[in-house]
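The same chain A turns up in both complexes below, where it pairs with chain B and then with chain C.
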Partner chain A sequence: MNINIFDLLLAPTLIFLAWQMLRARDLLVSIVLFIIFGVLVSLAWVQLQAPDIALVEAVIGSALTGALFLGCLGHMESHRKKIVIEKIKISKGSKVYDCFLSVLVISMGSILSWSVLTLPKNVLGLTDKIQSALAKSGVENPVTAVILNFRGYDTLLEMGVLFLVVVSVYALHAIEPVSIKIQPRQASRVLIAFLHILTPLMILVAFYLLLVGGHAPGGAFQAGAMLAGVGILMLVGGVAFSFNVERWVLRFIYVIGFGSFLLIGLGVMGGERNFLEYPEYLSKKLIFLIEFLATISISFILVTLFAGCSGFLNYGKSNSGTVRGVSA
Partner chain B sequence: MTQIIASHASVWTIMLPFLSGVLCFMAGRRIGTLIGVVTAFILTILTLNLGVSVFQSGPSRYAIGGWSSPLGIDIHLDGLSVLMLGFTAIVGTCISMYAFGYFKDRKGLKKEKNKHYAKMGTYFWPLWFFAWGGLNVLFLSSDIFNIYVALEIVSFSAIALVALKGSVDALLSATRYFFLTLLGSLVYLFGVGFLYSAYGVLDLGLLETVIRPGMISTVAITLMTLGLIIKTALFPIHFWLPPAHANAPAPVSAILSGLVVMGSFYLLVRLWFETFTGVIMPVAGQLLGVLGAIAILGGALQALRQSRLKMMLAYSTVAQIGYMFLLFPLLAGNSIGQGFAWGGGIYFSISHACAKAAAFMVAGSIMYALGHDRIKDFRGLAQRFPIGVFAFALAGMSLMGLPPSGGFIGKWMLLKAAMLTGQWWYALLIVAGSILAACYIFRVLEITLKAANPGEKALHIPLRMQLSSLAMSFFAILLGLAATIPLEILKIDSPVFFQSMEGFIK
Partner chain C sequence: MSVNDYISVFFIGVGVMFFIAGILGVLRFPDIYSRLHALTKADNLGLGFIILGLALGIGEISMALKLLFIWVVVIISSATSCYLIARAALRMGIVPWRKL
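Entry: the complex of A and B
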């Protein structure tokens, strides 16, 4: 293991940022620090030679989560008077209690870090097995092979979790949201010009990430998050496109990623063939189909999450659920 | 390890709830409800079938994606998992029937309130089926990371279900539940990370063969246990449970107290006594036993102090969870005692699921009729609402541990284990806890038997709700009368030596 100067700088910076994030009194400062923290963590993944995780961390862990936090904070600020906050007693713990907690945390932390250091270094895990089975998986990127083939079951269930999250967002609203609302507003010219350049580029990058996933770092989650970024930018910028959907179409889009994965899994099953056991000659195509549909679902679900926490959901009484954005 | 390939039926029991959850979401409330009820019955038939096949041909494995462990993920089917699947299906079907009535438009209620129930009913079904599916994944999984994903599904749907009502109380308790259960998941995942980096496998069966005692194993097991304890709400991390369970709509309380708690408890038992048997230190079991003991007494005392029925039942859940954890110290003894401890602990968790689900259903019916659940205003309920009070009394019998109920068998086996392993103080504790349980159950029953206050208005409770709670409580009693069947199933591929139970039941 060779330690270079970059690592020596990165590690303490991460700890310092985390500490500052917890200490900051202003939520906005915390969020900004969180975003920076996320970017640096993704650099750490790069240093650890895990480019797939680095991509996900940068796109989802830092950018998207940051956007969700910021949207939520903005929404809370603008509704500060409307939100009735029940008197929640926040006890100011005594010093003894604080000391007890710090001792507990420090001792747990040191036990954990010591155990990490004593981990055996020569455990290969499943690397060999994955390499030898890679030819049969239909893709060349081992990470994609694990996610969509060897452990496709886990990914299927994770898609279920994402779908579950959107159902929860719906359930938490008193009235069912009809659609995502794009408010025409006076966005600054700079932002609009910026968006005109960035939007097509981002869509391009998203599809590149999706296509490249078969043999290089990339895949549905990264692509979906990138597309969601496009949607979020449009919402925030107030720039627009026509967005006409019936209620069931929106629901269908949420479902399609998880649903198609599930149906493909059940469809290939039968006789000797187990659940999610793709026929070898079809596996490449099936994996791409699953990833493609997942990308669409993921991006819409993420945009809905952002819309839900930043007040962009439309509860309009119109039955058709049609909303038109206004072109900038 | 067995190499018989299980049929695709086990996959269907997992995937059917997800499939119908998606359909419920697409279809909206009216059709969604129908889909939900039909699915519940199909699932019951499927799991009973699965139970019969395990009974006839023994435990089996199924390689998802055809890769088989360690590369892929396996489904593992044995007596314990089939038993859990089966009881989830039975309790789940009764809850579904109950919810069918609960979320319907209520006569004599304002239009706006009915709208609220309609909205809850729309989202109840997809969330509930995802929780059910997650539980089935959990019971069948043979992979510690896959189990983490299953826990995530169960927790997220449970959180949304708690928040379904949308009131300030519900949202606050859901948020607290969210933070704690997420903490539990993360701590568990941390443990999984340690195990994978130390041993390079994730499969439960393979892990069992390679795991060695040592620092890393201890840390990993401690983390995983801690995570699951948070999720099961064992004392001292029980405080999130009562508000979360009490503020949810009645069918949700039944799901949470009956099934979700049972899920994480099952997992602990599975990990401790199969995968980690070689590396667990007996003192750890004793520690869990002490926490369980405090939970039994503290939970019961708190239950006695509550003025609302649902709060009381939620604290009763805290106490009953304590009983389940007596399994851990009692398994440390000789082989005959072990059989009783193992059977007793699991039997107790199943009969608690039935009894507590029934009790929460009745509490929901009472709230439906009266609009509140203040225990002191329950006068005359036995006259007006005989089926419900009868169902509550039956469920109460099981909670107290009176014969012939499932709770009695569970407690009796635990008592026997305590005596056989020479840990008599646990026997005293079981008896004391039962007396306290009797106090809080009879406190409610006594008031319902008093003469009614004249002129009190009550809504008519749909027959569907009444009958489903009655059916559920009958199951709690039936578990005491027909104990041999579940115990025989439990014996299949059991990690603990099991004595023949016939002699003891007579």
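Entry: the complex of A and C
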């Protein structure tokens, strides 16, 4: 085993940050620590030579979730006084309860460390199997091959979960029309200039991530989150990106990622083939199509989630047919 | 190690010094505005020197350009976020610190 000094610093820092995050009394402090924690976790993934997961962790786990939390907190605080978690008084419980908890934690800890220590050394896992089947998958990046071909079912369900989430956001925001509005706020000119530089770059990077997913780290989730980042920055900055669409267009976009995946999965069935078992000569194109549509869906869903959390969703009857992102 | 490596290590060292100075500034300076000042210096100059050192160390023009690009993007975003934080602080009514 080669342990370097960077890992030795990183591991305790992660545990320390997690601990501080949980015991911080101010929610804002917790969120900031959570974002830092996410960045360091993605560094840990880099150290484990898993650049795909590192990318997802950095873009979704740290940046996007952080933005969701911050937006949500801002929204809550604009309605209520500052929220401070009261210090939880554990010590008031009985001694028996404390002992029970300690024994539970210690035994869980020892089971975990025992299982880590008894792991067989230098196991390749499924690497060989995946490498040998890679030629048939239609892509050259093993991670993409697993996500969209070998274990396409899991990814299909993930898309389904995202779809359900956006449906529940709508459900929570009253039954009827939902549209994205921007509260009138003074958009800073510096921020607008910044967005003018950054927006095209981020869109470019998103599509690069999508295209490169076939043979290098990248893919639909990273690209979708990057595009969602563009939308969130615009929402927060109050930049006018007015696009009026009929409501069914927006719903169509929400559905299309999950729906097309499902339809393609069903469509390739027949003869000897199972659900989601793409024919070899088509698999490359099908995977790209699924990823492209998934990217579009994911980005819109994530922006809607942010809008829902941060009070940008409007459930008035007034402008029901449109989605607008217009600032004063 | 060749001469090139020494130069690259030297530049990275200078960059690290800027970062340490920046951290000290954030920890020790009296108010948010001077802390922001310290932080952005670390971002701009510290990262600049580290990237210069790395680019020399790699010695490959395409990688060097990528690193330079990262630096430019970080500078733009750090300047913008610094401005936004300072503006928000001023609007919240935080008075800049003055020596008594």
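By our rule, the second predicted complex is superposed on the first by the 288 of 328 C-alpha atoms of A that agree within 3 Å, B and C clash if a C-alpha of one lies under 4 Å from a C-alpha of the other, contacts with A are read in each partner's own complex, and residues count from 1 in each chain.
Convention: a residue touches a chain if its C-beta (ideal position, glycine included) is under 8 Å from a C-beta of that chain, and two chains touch if they have at least 3 such contacts.
Note that the coordinates shown come from a computational prediction; the quantities given were computed from them, not determined experimentally.
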item	value
First, second, both or neither for A:L22, with chain B first and chain C second	neither
First, second, both or neither for A:S188, with chain B first and chain C second	second
Which superposed partner A:Y153 touches (first chain B, second chain C, both, neither)	first
First (chain B), second (chain C), both or neither touched by A:S168	first
Partner chain in contact with A:L201 - chain B first, chain C second, else both or neither	second
More chain A residues in contact [chain B versus chain C]	B
Touched partner set for A:I5, first chain B, second chain C, both or neither	neither
Doubly contacted residues of chain A, that is, touched by chain B and again by chain C	none
Chain A - residues contacting chain B, complex	84, 86, 88, 111-112, 114-115, 118-120, 123-126, 129-130, 133, 149-154, 157-158, 160-161, 163-165, 167-168, 170-172, 174-176, 248, 251-252, 254-255, 258-259, 262, 265-266, 269-270, 273-278
Of chain A, residues touching chain C in the complex	188, 190-191, 194, 197-198, 201
Complex interface listing, chain B residues touching chain A	8, 11, 15, 18-19, 22, 25-26, 62-67, 70-73, 119, 122-123, 126-127, 130, 133, 137, 145-146, 149-150, 152-153, 156-157, 159-160, 163-164, 166, 168, 172, 190, 194, 196-201, 215-216, 219
Chain A contact footprint on chain C (complex, rising order)	73, 76-77, 80, 83-84, 87
